[in-house]
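Each chain gets a letter, A, B, C and D, in the order it is written, and its residues are counted from 1.
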């Protein structure tokens, strides 16, 4: 076993062929351009490998206790890699726009749009073809080899991680079991809370009438937004992609995250939120970089790179529902008290961790 | 001299008074909330101190050679601090929304909107009151003490760094001196470049007619966008905040940044671009954090925090013109050749750095 | 409630008094020097606050299940803050040595050695006075006010987090219960593993005699190092600060970290390791910075700053035993199989997370 | 031109062959292990490419003014890449020691020691074979293919960047020209400075005799350390690797860094310092990671990885002389005033940057 053979360094380090060199005049910064994109693709492969294994776990008939820890550490790894990809933008930024122009035309019409792995990554997570922006749709199958195209289309038909997460959440029996209905208890709590809030506003002598009615109006809106959770009909009118049961389960997990049983499920939800944030940050850093590199120039394929990238940064958020969740949170001290048998269910068999004598 | 006295640690470390503690029940995470905001304010003070000194240098009758290096290192420092402020967001993100709800109401209606130093920072850089968003205008003077208010209004009347930069650029005699007209030479170069591009498209046999006319249309748009630089009337129609002379000078500096004389001026331009990027990243990270913390909840003062912050992130970009500059760049190998006497002017007196014998 | 009042910004932002200004000539960079140290002290306060609360939890008669998650998130926060403190070094590095020399003498003999909070932090974690380096001992009580001195000495008498962690580990009933002896089972596994390794070496035809005996010698050393765990007498000869029972428990937790019950305990151990790493990185970055700022110059108080800081970086590692733990690890696939009743004990009551139907 | 072809993604993404998979049981984390090392090697290639181009510039008969900016931006890029490599360690740290043990033996005796590119990188910068540690010497040529070995030995005979920097510095005519002798003037300044310091100590009534003599002893040591610069004989006794003329020139550059002519040379010196810091940080982070992964276990080849790496971190510092430089710095306000003709020489021909009217 030899280091260089093991890592196939002959393939890896022989894969930088500068177009500018072929034309007889090396554009120094083309090397960086190639290598950074290759590094990106290596990391995309790693992310796909991790996400693929997470998908496999979620797809099993039964999600084993011992696998929840595995999922959280792999999600954590993916997020650390995404952070690195964002940081990596600082390196491409050492290339000046003028240096880029030395070889930019030689690459035409190759474009980052064509990264198959990135499209597979988005697809695996849960981005639907129909939710992509117009320009992305246009580019989706463009200039792919047949094999790439069929790979991608096959990927589109697979269940996505987002869908599997929805299913997993909806199957957990947390919110309605053995005579305990979480959503009814929560509604009672919330109603009580808001009644008290209204009283406080009404009796607040420092507010004038106008301010008072503004505050009450505000409160009313908040109440209405909460009602979405308690009423299937209202829920259906909003654009949730998770089912109502999944949303309530996710809320339960978030509110009781300090219970040992809820710890890993909460970490999972949280890691997906973070993943969305990192992908958004990456798109955004990418957009700023394109703005700097190209100014407002019309890019390859007719898109103004920066505007395009900014739009996808906003449009392609995947776990929107998990973000919305936070608008239904209440303070820990106000959360409904759980019945004893539920509390016990959410603790460990093994009592020893409690003892310290 | 004693460490604690020198740093006035008695004041610094005695300034954390938890509202929740006053009410008898410490909300653990309020300490973090206070301390991180205090750390932000300390760094804002440092940034104001650095930017203030840069403003003073630019305001002098004569900007000394020896001061250009000072400006670049201070801008570099400011950018490093801004990066830290972005990184700092990861710390506040360790607070869960539920924990925040434990003390959030106690702070009402205090809000980050009220950071006087941040408003002064934006103002000093060049953000005009009239360019702020509606909600920012509403909050601009709200709940300030009289002294704060008058400080802020005085600040609004001061020349801004952006204006001083514009003046400095417009006074540099780079683009039109001793029989050399940069913009005319550039126009000739660009015209020649585009003529060749047109020829290439016309003769390209791999393009069908439709593609050909699309490419030509594209080229025409690019030519038009360049013409803005060469024609004062067209320039005036676009929304530049720098004068045309400043824009041309900035373009000259960027194109010839490898000449010793241009090195520091280029670094200055570049640092302002970076500063805008960091401030934008900071606003964006802030917006994501607010989204996470509050979901879609209506925030203090009636704004949905996240939407508001995202909007300012896009609206409050200051050095837009410097970003636009990059759309006028051409490859280094295509830039106009300078006449010998100009080249000499942009080198050092002292030739010794060239010799290596 | 007003933002500036809540944060006591009048105290915070009025606490920067430049010594150079008192002498009539502002040294520009002194402002940065003051503000960065104040920021450090703010964060030290936050760290002490978090660590203090962790100590309180560990000191309770019974460590509640619900508190383990709290401990891990606070440790995580402390580590994120420590990372920020390391990053912050890049900001002080924007000050050149020459600029530092403009005001350095004015601070004499004030010195970072005198940060009471940092000494309290080290003490709270578990650094003993007697384990400090000679120079640190000399400075430990120097130039403190009476109150500071008595605070610090009181802190020295308190149980440390490291000691409480040792106690908590030793009280967990994981390694020897209900007819299952972890250490005996582990010994059997390890002995079998090594016997097989020996066979492999003996039968390896690619090794010559000299290489063979070197490999066998190596193996013997590894076996001996493992025996330390199984033999109290050998254990006592090594310089462990944790008890043997704690070490075995920590090893158990690490080997079975994928069991739900072990997840949080493992995270706790891991966070303390990370904390040591961050503190070490901080000291190291600090040492490099001092080297750059002062060269080999003799520092205030007769120490050459850089050498001193490098020495403490190596000497003041606190959780040495947790680092050593990793030398006792074996591959997951080789770990002893646990008896069914132990496995059950380490799973959840609530079986629902397993079901996915 | 197609994205995947341009980047040779078929080679890049087909180069991950897991040894564990060949043996029939995929060790999940082996993929990460391979990919992160491939990413490291890609970046090493980029660093070698940049450093190679810097070497070429320095080796030319004449170092053109226009190239100094090129050198600084490439050094800056290398440093940003090195920072990324340090950050990348956080990703490999998501692999637990137990997971590593699942495939570690399969790699035996492949080892990071065998990275040819890293050895070439150290060699190109200036690390001599004879200055490597014993273990590094042993590994230097081990298990290389013939071609690799001859490549490496050829590299050892090339002039190094450090040597070329020394030559470049020694050829600059800054410190002794046209009747101005920098070192004589500096010596006069320093002597005057120290005489005043002595007076201050003698007349300081707050010091007792013992303290007074300690302070004077300190001062004497500082004076002696300065004399090394002024006396060739003393200089020769110290272990400098740069010539005395180079050291004085570097000191001149550092002291007068605010003069336009000195700006780029100073940035170059500073970037090499930073590069050493990043390489040291990388080795250190690597050492900590090895410690965590292997504990005190005897590593492949008989080295205890962590100790070895820590030792090289201290031993392989390249630009020691530049670090020492800082011990000869004096405050900007105390630096010798330059004669008018030298000042003029260090400014621009073109006076326009001064004007702001």
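Keep this in mind: a contact is a pair of C-beta atoms (placed from the backbone, for glycine too) under 8 Å apart; a residue touches a chain by one contact, two chains touch by 3 or more.
No experiment lies behind these values; they were computed from the predicted model shown.
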Of A-C and A-D, pair with higher C-beta contact tally: A-D
Far-end chain from chain A, centres as C-alpha averages: D
Where chain A and chain B are represented by their mean Cα positions, the distance between them in whole Å: 29
Euclidean distance of C-alpha centroids - chain A vs chain D, Å: 39
Euclidean distance of C-alpha centroids - chain A vs chain C, Å: 32
Chain D: positions in contact with at least two other chains: 96, 257
Residues on chain B engaged by chain D in the complex (per definition of touch): 58, 60-66, 68-70, 167-168, 171-174, 257-261, 263-265, 344-350, 352-357
Complex interface listing, chain D residues touching chain A: 1-4, 6-9, 11-17, 19, 28, 31-32, 34-35, 37-39, 41-43, 45-46, 49, 53, 73, 76-77, 80-81, 84, 87-88, 90-91, 94, 96, 106-117, 143, 145, 148
Chain C - residues contacting chain D, complex: 96-99, 101-102, 214, 218, 221-222, 225, 254-255, 257, 273, 277, 280-281, 284-285, 288, 291-298, 302, 323-335
